[in-house]
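Just below sit the structures, each encoded as structure tokens.
Shared between the two complexes below is chain A, which has chain B as its partner in the first and chain C in the second.
Right after this comes the complex of A and B.
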């Protein structure tokens, strides 16, 4: 619409100001600060790429990178599949379906910090009711967060408990927008449920699925609270995610240069993922527009 | 016959999933009304007593409301409501600009907004802390509120909704001499009730959920938000289970209130957004 030249910018100004100060300035600071270290007297001194060189030669850093990538390669597809399964289950109207929809959503109101606390208690090897239940059912008790083998899987399941219902809404919305007739005519043509799902439903769900994958990745990529509250990166580094590594460098070891170098590397990884995702988004946008 | 079996199977799945999703919340809240000594008494030995309380008491709640918890609750609510109020205004204005006007650099600016939404907030927490410390803004309410106000996802949500409003109604108002600011305030916003509700719920839940940034940005106990206060209690005095359960239950219940009020319009608006 025509308007005087400065008007659109006036409407944008408060939001852009916020994004510049609180998003883009920290990114620049992170980059600059990662080239600085501290002298013995505590002054900031330029150290060039020393922080990066130290990181790249540090097996602990590489192990955190690997853990973060494995964690994300599993949790994001897993949450999307769970969310889609939930959405399919509550797609068709039925008695009490509103109650089920609302109850699937309820865990989204439990903060990630509280989710961590509740589940760490529920899954406690001696006190927790989950192991009480396993013993009652005649199954062997499990260590969950306390074992290096199970901690990361437990983390993924617990985060999915909170997240699946949240992402379900977006996919349910997509499913409800698919005209019923499409499914029915495929049914008349003799397609079974699987064929209808893969042939009719899934192709029409590309856009909501892309949106959820992007948003879900942003939400999970730097999971911090459960690691800080429950596992402390352990046992034996099994849940040492990059964000926690950066936090420890900054606040436990007071090594600001190192923590900003990790932050910068995190930002680069995220930027690469985001640019990749943006293409996904844009190509979809053009087909719709 | 087969149809009936499928319907039953579907209900079995629904009930099982709902149980897994709701039981921890039920157990938490139910246990918070138990005497502290009873909380774990029946957990290890599973049975009816694990899920049905024998004795009920309010003493856990009396304990936390006599201590510093009300302050944390106030902090969280104040920070959340301020973020929502500012966020609705700021992000809907930006969404309005992207939906209604054409202007130089529109595409580039919109990509920047999308990028900011794909960038997890956590990724800039540590450099943001450096910035705030330089500005001497740490340990203030502003440090908790302002960084969360402008958000790419919410701008996107408003833009998607505003795109659906026919532009003819704006043209008519322009001919009558209305300013764009008046059009935005008196025409666009009043049409956007459900979208505003959804954006508010998303921002409220997001800010209520915030843990990493409040943990880093504030160190004084007076500014601790609920999540941080509970986590600190959990690590510091692990023995006080009664207080932990009562404060965690309160936090869950408070966040569920706006959810139940706004839930219906939330599902509807998300439907519109994911559709476009």
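Right after this comes the complex of A and C.
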């Protein structure tokens, strides 16, 4: 019946409508807005590619691009490895395994803003309990977020504390979907734990890993709250990520065109990297197809 | 008791519905949306309650925002160019920025200039017209913990402005008082990253913070006086180690001082009462703002004003808010709730018993002799934010001259849009 052909679309329509309203429309508006400037009194003025040209000639922008790429080059693989390690740890049924699974998931329930505040207090160089513990243990106190050398690393660790448990859930689902027989037959054939992991488990985890890596990349490129709340992009630009640069342009420097141009560039970078990651993790059956 | 018939029920429901639907007509009440600073309840709510009591036809929907977020949040709201909020608090040096961008209503018709200190009117004006209502100014004093000074055998500073301490004396005393390993500090600024509090370091050495037209920072904020002044500040954290680094929350530094963890605090007059009430056993006194031995005393000033959104549709009510909040009674109440330096002349004249204390004698003298307002520029929002992050970063080390030059270039880039 011809009417039946429309049924799937009818079911998809609400979600598609949501995507159009809350995703595609803002992206299009952002793209259009990046070609406009603003008069002091708020009137929009068409400026063509001026915002992009100014960005390309601005060392502060390139510094933020470099910091963002370094940050993502480290945090994305690190978070995926941590999430996979956690998923492997809680994969087997054991006593109190649900307690462990829940405890790894707990940071996910804390908002990113609260996470930032909690860790900024914990890692405060002067009053923070972490340095109090280090002093008690006879170790030198650390500056953490207050040092240009340590701030980005500290940010990566805090973001991983919050994110690893979340990504673990997806990888755990992937691990539990792998038939036990495959692992057992490899074991009977004499494969040790490492060989089983690299020869059996990992190839079968390509799809969940690809999803987690792409989603994690997008999330980390858009990371904003800890930088805004804790470091303000400092010290000395050490945590000046592109999202914060876009925020500053819009709300501190009142330059909306520049902000939207940066947002568009972030989107393009995420798209390019996500496509690369998907290609990297493409499974053999997809390649053949 | 007989039950209601269906008709009676319908009538009752209809009457109730009509009553609910017409409360504004019955009470003719206007609600003003007010964005205010996130000061404690007991410093804000009595002021707003008093206004509502004096103006029963106006209700205030007050939204308070923390100091660290209020400027960004206001930017978002104001750039929406809607009538919300009707009234908002204005940091006085931002008056020009808001006025230039059409976010403040001209208030000349509502404010009698002769009632206010000229400095207050100056800070409220842009291009010769008043755009924000002067609701107080500010002055900084050096709070010191008498017990800690006594225990360390250090002679405390005098309250006499003629005998004010130099920064060199502050460092010397701070070294004797600080024990960083025990989290005991010698000195801290109340606002460790804010140009408001730190600009006088360079100004005391003769520096000028921005070009006279307010549109160029290079050659001014990165000049030798500021390099030396801010370099001195950096050494408080990196070499002398008498100041606790990273305490950017302005609520934390008075806590450090109040809890006896810091011997000296350079802070506003407005925290005096809070220290007294929150730390009743704290034995402290005040002294004048320090200066450099080879420079001159300079103190920061300016404070919170409030302004009217020109897009507000409640013109009568906002005018009444401005008039009433600037009345003598409301100014005295505000002063008692949070003791900013009054800008209304009558408060100084009629409340002279209050101003006989050491702190107010110092404040009065500083207002007349050493107070210097922050630079007047429509780009103050950008200027302050870029400089704030740079001052914050300096605590962690780095070449002060290079950092200031980079900041000055960034400021120039951002405030260029106000030229012409």
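By our rule, the second predicted complex is superposed on the first by the 254 of 289 C-alpha atoms of A that agree within 3 Å, B and C clash if a C-alpha of one lies under 4 Å from a C-alpha of the other, contacts with A are read in each partner's own complex, and residues count from 1 in each chain.
Quick note on the criterion: a residue touches a chain if its C-beta (ideal position, glycine included) is under 8 Å from a C-beta of that chain, and two chains touch if they have at least 3 such contacts.
Just so we're clear, the structure is a prediction, and the values are computed from it rather than from any experiment.
Student: So, A:235: does it touch chain B (first), chain C (second), both, or neither?
Tutor: In the superposition, A:235 touches chain C alone.
Student: For chain A, which side has the bigger count of touched residues, chain B or chain C?
Tutor: Of chain B and chain C, more residues of chain A lie in contact with B.
Student: So, A:251: does it touch chain B (first), chain C (second), both, or neither?
Tutor: A:251: touches chain B and chain C.
Student: Quick check for you: in the superposed arrangement, does A:273 touch first (chain B), second (chain C), both or neither?
Tutor: first
Student: Have a look at where A:196 lands relative to chain B and chain C in the superposition and call it first, second, both or neither.
Tutor: Neither partner.
Student: Between chain B (first) and chain C (second), which, if any, makes contact with A:50: first, second, both or neither?
Tutor: A:50 sits against neither chain B nor chain C.
Student: Could you tell me if A:127 is touching chain B, chain C, both of them or neither one (first, second, both, neither)?
Tutor: So A:127 meets both chain B and chain C here.
Student: In the overlay, answer first, second, both or neither for which of chain B and chain C A:91 touches.
Tutor: neither
Student: Identify the overlap between the chain B-contacting and the chain C-contacting residues of chain A.
Tutor: Comparing the two interfaces on chain A, one with chain B and one with chain C, the shared residues are 126-127, 135, 251, 256.
Student: Which of the residues in chain B come into contact with chain A in the complex?
Tutor: Where chain B meets chain A, its residues are 7, 10, 13-14, 17-18, 20-22, 24-25, 27-28, 40, 43-47, 50, 89-91, 93-94, 96-98, 100-103, 106, 109, 111-120, 122-124, 126-131, 146-147, 149-150, 152-153, 155, 167, 170-171, 180, 184, 205, 208-209, 211-212, 215-216, 227-228, 230-231, 234-235, 244, 248, 251-252, 255-256, 259-260, 263, 266-267, 270-276.
Student: Along chain C, where are the residues that touch chain A in the complex?
Tutor: 72, 75-76, 79, 81, 100-102, 181, 183, 244-247, 252, 378, 381-382, 385-386, 389, 392-393, 395-396, 398, 403, 410, 414, 417-418
Student: Within the complex, which stretch of chain A touches chain B?
Tutor: Chain A residues touching chain B: 1, 3, 5, 7-9, 11-12, 14-19, 21-23, 25-27, 29-30, 33, 86, 89-90, 94, 100-114, 117-119, 122, 126-129, 131-133, 135-137, 161, 165, 169-174, 176-177, 207-208, 211, 214-215, 217-219, 221-222, 224-225, 228-229, 243, 246-247, 250-251, 256, 259-260, 263, 266-267, 270-271, 273-274, 277-278, 281, 288.
Student: Which of the residues in chain A end up touching chain C in this complex?
Tutor: That would be residues 40-42, 60, 124-127, 135, 143, 145-148, 232-236, 248, 251-256 of chain A.
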